[in-house]
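Next come two complexes, and both contain subunit A; in the first it sits with subunit B, in the second with subunit C.
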Partner chain A sequence: MVEQRFADGGAVSPLGNRTFDPVVVVAGPGVEVLEHSFTDQLDVRLDPEPAVLGALGDRLRVAIPAEPNRVGRDGRRLALWLAPDEWLVLDPDNLEDDVARLTMEGGWPPDVTFVDVSAHRTLLELRGRDARALLARGCPLDLDPRVFGPDHCAQTLLARVDVILFRLDGTDAFGVLVRASFARYLVAWLTDALEGFYA
Partner chain B sequence: MLLISCPWCGPREEIEFRNGGEAGVAAPEPDAEPTTDEISGFLFFRSNPKGSFHERWNHSHGCRRWVSLTRSTITHEIESESQPTGRFRP
Partner chain C sequence: MSGWRLAHGGLIDRSRPVFFTFDGRRLAGFSGDTVASALLANGVDVVARSIKLGRPRGIVAAGTEEPNALIAVEPGLALRRATEVELVDGLAVRSVSGRAPAPAIDETPSEHVWHHADVVVVGAGAAGLTAAQDAVAAGGRVVLLEGGHAAGPLPDGLVDAADFVFLPRTVAVGRFDSNMIVAHERRRGTPGANTAARDRLWHIRARDVVLATGAVERPLVFADNDRPGIMLAGSVGVYLQRYGVAAGRRAVVFTANDSAYVVARDLQAAGVDVVAIVDTRVRPGPTADAGGIEVLSGHVVAGTTGDEGLASVLIVPRDGDADRASPTVVEADLLAVSGGWDPALRLLAHTGARLRYQPSAGTYGVTEVPPRVRITGLAADVNGGVGAFSTLDPVWLVPAPDGSLDRHFVDLQRDATAADIRRAVDAGMRSPEHVKRFTTIGTGNDQGRTSGTNELGVLAALLGTTLEQLGPTTFRTPLVPIPMRVLGGPYRGELFDPVRTTPIHGSHVAAGALFENVGQWKRAWAYPREGESFDDAVLRECRAVREGVGIMDVSTLGKIDVQGPDAGAFVDRVYTNRFSTLKVGSSRYGLMLRADGMVFDDGTATRLADDHFHLTTTTGGAAAVLDWLEEWLQTEWPDLRVRLTSVTDEWAGVAIAGPKSRELLARLAPNLDVSAEAFPFMTVRNEYLSELPARIFRISFSGELSYEVYVKSWYGRALWDAIAAAGADLDVTPYGTEAMHVLRAEKGYVIVGQETDGTVTAADLGLDWMLSKRKWFIGLGALDRPHLTRPDRRQLVGLLPDDPDLHVPEGSALLPSGGLGTAGNVTSSYRSAALGRTFALGLLAGGRARIGSRVDAQVAGWRVPLDIVEPVLWDPQNERRDG
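Take a look at the complex of A and B:
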C-alpha cells in the first residue's frame, strides 16, 4: 500500500529490494533468510467485544484471535494478536481492497481505528533446519514447536531489536516482522550470528 | 535479571519491561483543594522501603500493558502474582 518511492518511480524495500518476490538476504548451509518486500499490513484497534471481533473477522476474511499471542489464519492472510485491544493483519498479496471496503462500510463502534502500517515493518522469513537455533542466539523465548506452534505469535526482542515472531504456515519457517529502520541492523546481526554457527 | 510474568504474555525477561515506580500512588482529588504538600507528595515523594515494594512495570517491548507486582528490594524476589492495571483484564 505505502512504499518508499524514488525518483525513477520504483518502490524500494527497507533492505533495498525492488521486487514483490521474496529475496534471499542471508544464506548459510542450514538456514536462509528472505525478505518479503511490501507485505500489506493493517493495524486494528478496538474494544475486544466478541461480536465486533467476529464481524471484523468476517469482513477481513480471517479469524481475529481473542486469546493473547495467537494467530488467526486464512491462506496467506494472517491476523496477529498484539495487545488486548490491538491486532495486526498481514497479507503478502493484497489487503487494500478489503480495507477500502471496511472503512467505507462503516457501522463500527466509534473508537475503532484502522491504520495502514505497511511501511512500518518489513517481513523476514527464516527457513531451514537451523532457523530456530539461529533465532535462539538472540532471543530467549522457547521456540520449540511443542511450545510455539503455528497458532502462536510473540512480540519480543531479537538482538535488542523489537520484533514480532510467528510461524509461517505449514513449515518450520519463522516470520520475523522488524521495523523498517532496524531491518539492515538485524540482517547484519543475523549474518554475524551465522558466521560462528558452522565454524 | 528478573523474570517478570506478564498477565498476557507469560514469563518474560526483565529487558522487555520498563520500571514504572511505586504502584498505587493516589492523586489528590482536585475538588478537595489539595495543599502544596499533598501535591508535591503525590508528584515527588515515594516510600522507598527496604523489603517488600509494590511497583509497576510496563511490558514495553511486548504487549505494552502495565502490570503491578510486589518485589523485595533486598533479594529482588518477586513476591506476588503480576496484576494487570488499567482497563483490560486478561
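Take a look at the complex of A and C:
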C-alpha cells in the first residue's frame, strides 16, 4: 500500500534518501545515526477522556498514553504524548491503512482531529554505546535510563533545533524526530559533534 | 635571582624534566610544574611591568587570584595566568607588560556538554575529595570539579567508582538557578592531550552542590607593597609543598593572623633564612607557633626598598609615631604577607546570595547558605572564622612615614592605589560600586580576587565607617575569564544558527541560484545565468512571469492546519475580514492585527471542509503566528473547539505564474479542468499532478494568472522537476525572491515587515476594505483611537522618480517638495521590466490625498523629485490575475 505511493520513484527524504530502509547518515566508532525515511506519522488531538483514548488505541492498535511524556508501544508502532491534548502516532511500516479506516468510520467526538504529518518530520535513530553521550553534547535533558526510561518521550532542543526525543526500542537507541527543513542542519551538527567526540 | 628549587619534595615528577621558553629564554622545569612555579624555581623574579606605571612585578599567588603574572601563550598569544598554565615540553610563553597583544582568532572548535548529577563537588582539595567520597558512598551520580590539574592520584573509592566523573582543569564559572553549574574544561595544551581535543563548556544540573572552593588570601596595603618578591604567604607555602620551590633565600613574614606562622616554619625548615615574623597584633593568636623565629608583634611593614626585586623591608611599631622616622631595616628577598582570608564563595553570589562582612571572621561571608548547597573545608573555616581564621586583627592601611598613599597598591593588575580611593572619596563618592568604577579596582581579569576586600577596608578607613556598612560589589559570572569561542561552542560558521532548506533546495543550487536569508530559511534570491548580472537576472525573471511562465519555490510559507467545529468562528476572530461565510474549496486573503491594531501578518485561508481551514503565513512569521493563535485559543477562548497544527514542513509548494501557467498546469494535470470558469481565482482543487497527489490553489502574489501547487514535502523535488520538464518548451523560468518582490510591488501588494514595521495600520496600507464592520476581530478595539484615524498618518503610495533610470534606495527619507522635515520613507524600490522604468512604494504623511502631487526623496544628500501615484502600477483592473 505504502509502496504504491512511491511507485513513481519521486519521493526523496529530507536527507536525500529514496528508500524505506534505514540509511546511515553519519557514524563513529560507538554510534550510528540512521534516517528512517517516510515514517508515517499522524497528529491526533482530543480531550483525554479515558474512553476515547481507549477506543482510539484499539482502532490504531497501539496504547495511547494518558501520562505526560510517555510512549505507548506496539511493535514498531508508537504513540507519543506531546501535549495535554496532542499525540503523535508513528509507524515506520504502514499507518495509512489504519488511518484511512479510522477517519472513514468516524463516530468520534467532533473535536477529535487527525492531521497527517508524515512528511513534516523525519525520524532519525541514534544507536550505539555512545549515543547518549553524543546527545548530551546538544540536549539539556537528563537521558540517564534511570531518569529517561524506555517509555519516555519529550519535546526538547537538540543543538538549536526543536526535536521530539524518545527511546526507540528500550535499548541504547534513541529516536529523534526533526522537522524536514531542519534535518540537514541537525545532521551537520551531529557530524561536527562526532568529530569532536572521537578527536 | 631569589627563588630556587628544593632538592626534595613537591608533587612534581623530578624524573621528567620539561623545557619551555619565557620571553625567548630557554628554561627547565618538571612535569607537574606550572609556568609560575617553574619561573620561581629558575629564579625569575620580574615577570611583568605594571600597566600604568611600568613598575616591575613578580608572581604574587599560586592560583586563579594571581594579579600580575599574565602570559601570552604561543602560538596565538592566548592570555593566561602563569599560575594556571601547566608546563608542557616546547611551551613558549611571553610576559605581558601592560596591555596584552591581541591574540589570534582561535578557530579550534569547542563543545558544549550537558550533564546531570546528584552531587557536584567544586574543588578537589582534601575537603572536596572527602565530600566526593561521601557522596559516592551514599550512592548517586557525583561530579568533582577541579580548576587546576590533579594534585595527586584519586583516593581509593573514587578511582573506579561508577557514576563518578572527575573533571580536572575544569573551573566552575557560574552557578545559576536550581543548582545549574556552568564549568569550563580546558583540554587543549594540557599534558598528554590530543591536540584536536576540544575545550568544553559543561552545563551540570545538580541536586546538591558542595563548595570546597577554598579561600583567597589578602595582601596587606603598605607603601611599595608591589615589589617582586612580595607574595601571599599561603601561596609561598603552596610553592614549597606542591612544587618544591622556595620563593626566596632570606624572608620576612608579615601577617595579621596566625595562618602565616606555619609558612614561616616551613620556609625555615626548607632552608630559607626567615629573619622575622612581623605581626600586626600585640598578642598573636593561640595557633601562632613561630618555631623559634623572631616575632615582632605589634609591628608593621611600613615600606620596602629594592630595584628590580625586593632588597629590604622597613619595620616599625604599629603604634607610636616617634619610631616611624627610624624604621628597622631588614634585608630580605622575600616578603610573605597575610592580611587575612576571603572564602571563595562567589558562586553563591551569582544566584543572589548576599555576602556580608562578618567581624568575627574578618571577611565577607554568609551566615546562611541557599538550599541544597553546602560549604566545606577551608572555605567553611574561613567563612566561619574557625581556628587560625578567628585570630585576625585586620589592618586595612599601613600609613607610610611620609603620609603618602600613592605607592600603597590595592589592585596590582589595575595599578590602582589607596591614593586613587582617596581621590574617589574626595570627589564625593561613598558607594563601593562607584569607587570601584572610578578607581577600576576589581575590574581586571582577576576580578579583584586579592583587591576587592582591601578596597572596601581602605574605603571604610578613609570614610571613618565600618565594613558592615559597605557591601561587597556585585560578583558576576563568569568567575574567571573564559574564551568567547568556548561560550559559542560548536555554534559558529555553518552551525551558527539553524539553516532551513526546502526539499527543492538542491535544484536551486544546481541552477546556480543566489540565496537570501529569510528568517532561518535559505530562499533562492535570483538565478543569474553565466555572465548575467544580478539585476539583469531579476529583470529577465520578472519578464518571464509577465510574458510567459515562471516557477518559484514557495515551500517556506508558514502553514497551519485549523480544525474543529468552531474553526470558522476562530478564523473570523483572528483575521480582520470574514471567513465563516467562505465556501468550501475557496480561499481568501486575510490580514491579522495585533491587539493594538497594527498589522501583524498576512496570508490566505482556504476552507477545506466546514470545520477545516488551511492557513498560510509569511515565511518569517510562521512560528510567531502559531504562538499568537495558540495564546488566544488557550488563554482567551478555551471554549472554542479548535485545534491548530503546524504543517509548514509537511507541504512543499511551487508557484506557477504567468500567462502561460494555465497551459502548463493543463499538461501536468490532464484530469483537471483548468478553464477560468471551472477553476476560478481563489479556489482550490485536489488533483494528481504528474502522478503526485497535490493540492492546487489558484492564487497570485504576482498579479498574473497563477497557481500554487502543494505536495507532500518528500515529493517537492519531483514536483519541481516535473514542472520544469513539462514546461521546457514554454521556456519555464525559475524566479527568486527578488523577482517576486518586484512583481508584487508592481501590483501594490505589501510585504509585512517591509511596508510595515509594527506601527502601520491596515488603513495606512489602503487595506481598510479588509476590516469587517460586522464582526469582532483582534485589534478592532484599537482602530478608532484618534491617533490611528488622523488624516496625516503615513499612508502607502506609489512613487515614480522623474528619471526612469534612477533607483531610489529603500529607506530613503521623503521630504515635502521644496519643504523641510521628514514626511515619510521609501519602503520598496525596484527596476521594473514591465513598466520599463524604476518605481517605488513608500509611506507618506497624508499620502492618499497627495496622489497626483510631488514629493522629494533624500538620496545621497540630493533631493530627487518623485511623482506620487496610486500604489497599484500593474493591471489595476486585475484582468490578468482573474482571467
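The criterion applied here is as follows: the second predicted complex is superposed on the first by the 189 of 199 C-alpha atoms of A that agree within 3 Å, B and C clash if a C-alpha of one lies under 4 Å from a C-alpha of the other, contacts with A are read in each partner's own complex, and residues count from 1 in each chain.
Simple rule for what comes next: contacts are C-beta pairs under 8 Å (C-beta built on N, C-alpha and C of every residue); 3 or more make two chains touch, one makes a residue touch a chain.
In this text, all values refer to a predicted model and were calculated from it rather than measured experimentally.
Trainee: Classify the contacts of A:Arg179 with the two partner chains as first (subunit B alone), second (subunit C alone), both, or neither.
Mentor: Touch partner of A:Arg179: subunit C, not subunit B.
Trainee: Report for A:Thr156: first if it touches subunit B alone, second if subunit C alone, otherwise both or neither.
Mentor: In the superposed model, A:Thr156 contacts subunit B only, not subunit C.
Trainee: Is A:Asp74 touching anything from subunit B or subunit C once the two structures are fitted on A? First, second, both or neither.
Mentor: Touch status of A:Asp74: no partner.
Trainee: What is the contact status of A:Trp189 with respect to subunit B (first) and subunit C (second): first, second, both, or neither?
Mentor: Touch status of A:Trp189: second partner only.
Trainee: Tell me the contact category for A:Asp169 with respect to subunit B and subunit C: first, second, both or neither.
Mentor: Neither partner.
Trainee: Under the stated touch criterion, which partner chain does A:Asp111 make contact with: subunit B (first), subunit C (second), both, or neither?
Mentor: The answer is second: A:Asp111 touches subunit C but not subunit B.
Trainee: Any idea whether subunit B or subunit C touches more of subunit A?
Mentor: Subunit A has more residues touched by C than by the other partner.
Trainee: With the two complexes superposed on chain A, say which partner A:Gly10 touches: subunit B (first), subunit C (second), both, or neither.
Mentor: Only subunit C is touched by A:Gly10; subunit B is not.
Trainee: Let me test your reading of the model: by the given contact rule, A:Leu82 touches which partner, first (subunit B), second (subunit C), both or neither?
Mentor: First partner only, subunit B.
Trainee: Applying the document's definition of touch, where does A:Glu96 land relative to subunit B and subunit C: first, second, both, or neither?
Mentor: A:Glu96: touches no partner chain.
Trainee: For subunit A, give the residues common to its interface with subunit B and its interface with subunit C.
Mentor: In subunit A, residues 85, 140 are touched by subunit B and also by subunit C.
Trainee: Using the touch rule from the top, collect the residues of subunit C that touch subunit A in their complex.
Mentor: Going through subunit C, the ones touching subunit A are 109, 111-116, 141, 194, 196-198, 203, 205, 490-491, 494-495, 497-503, 506, 521, 556, 561, 563-565, 611, 641, 643, 645-651, 691-692, 712-719, 722.
Trainee: Which subunit B residues qualify as touching subunit A in the complex?
Mentor: For subunit B paired with subunit A, touching residues are 8-10, 12-13, 15-16, 61-65, 88, 90.
Trainee: Which positions of subunit A touch subunit B when the two form their complex?
Mentor: 48, 68-69, 82-85, 140, 154-157, 162
Trainee: Which subunit A residues qualify as touching subunit C in the complex?
Mentor: The contact residues of subunit A facing subunit C are 8, 10-14, 16, 37-38, 43, 45, 85-86, 110-111, 113, 115-121, 136-142, 144, 147, 159-161, 179-182, 184-185, 188-189, 192-193, 196, 199.
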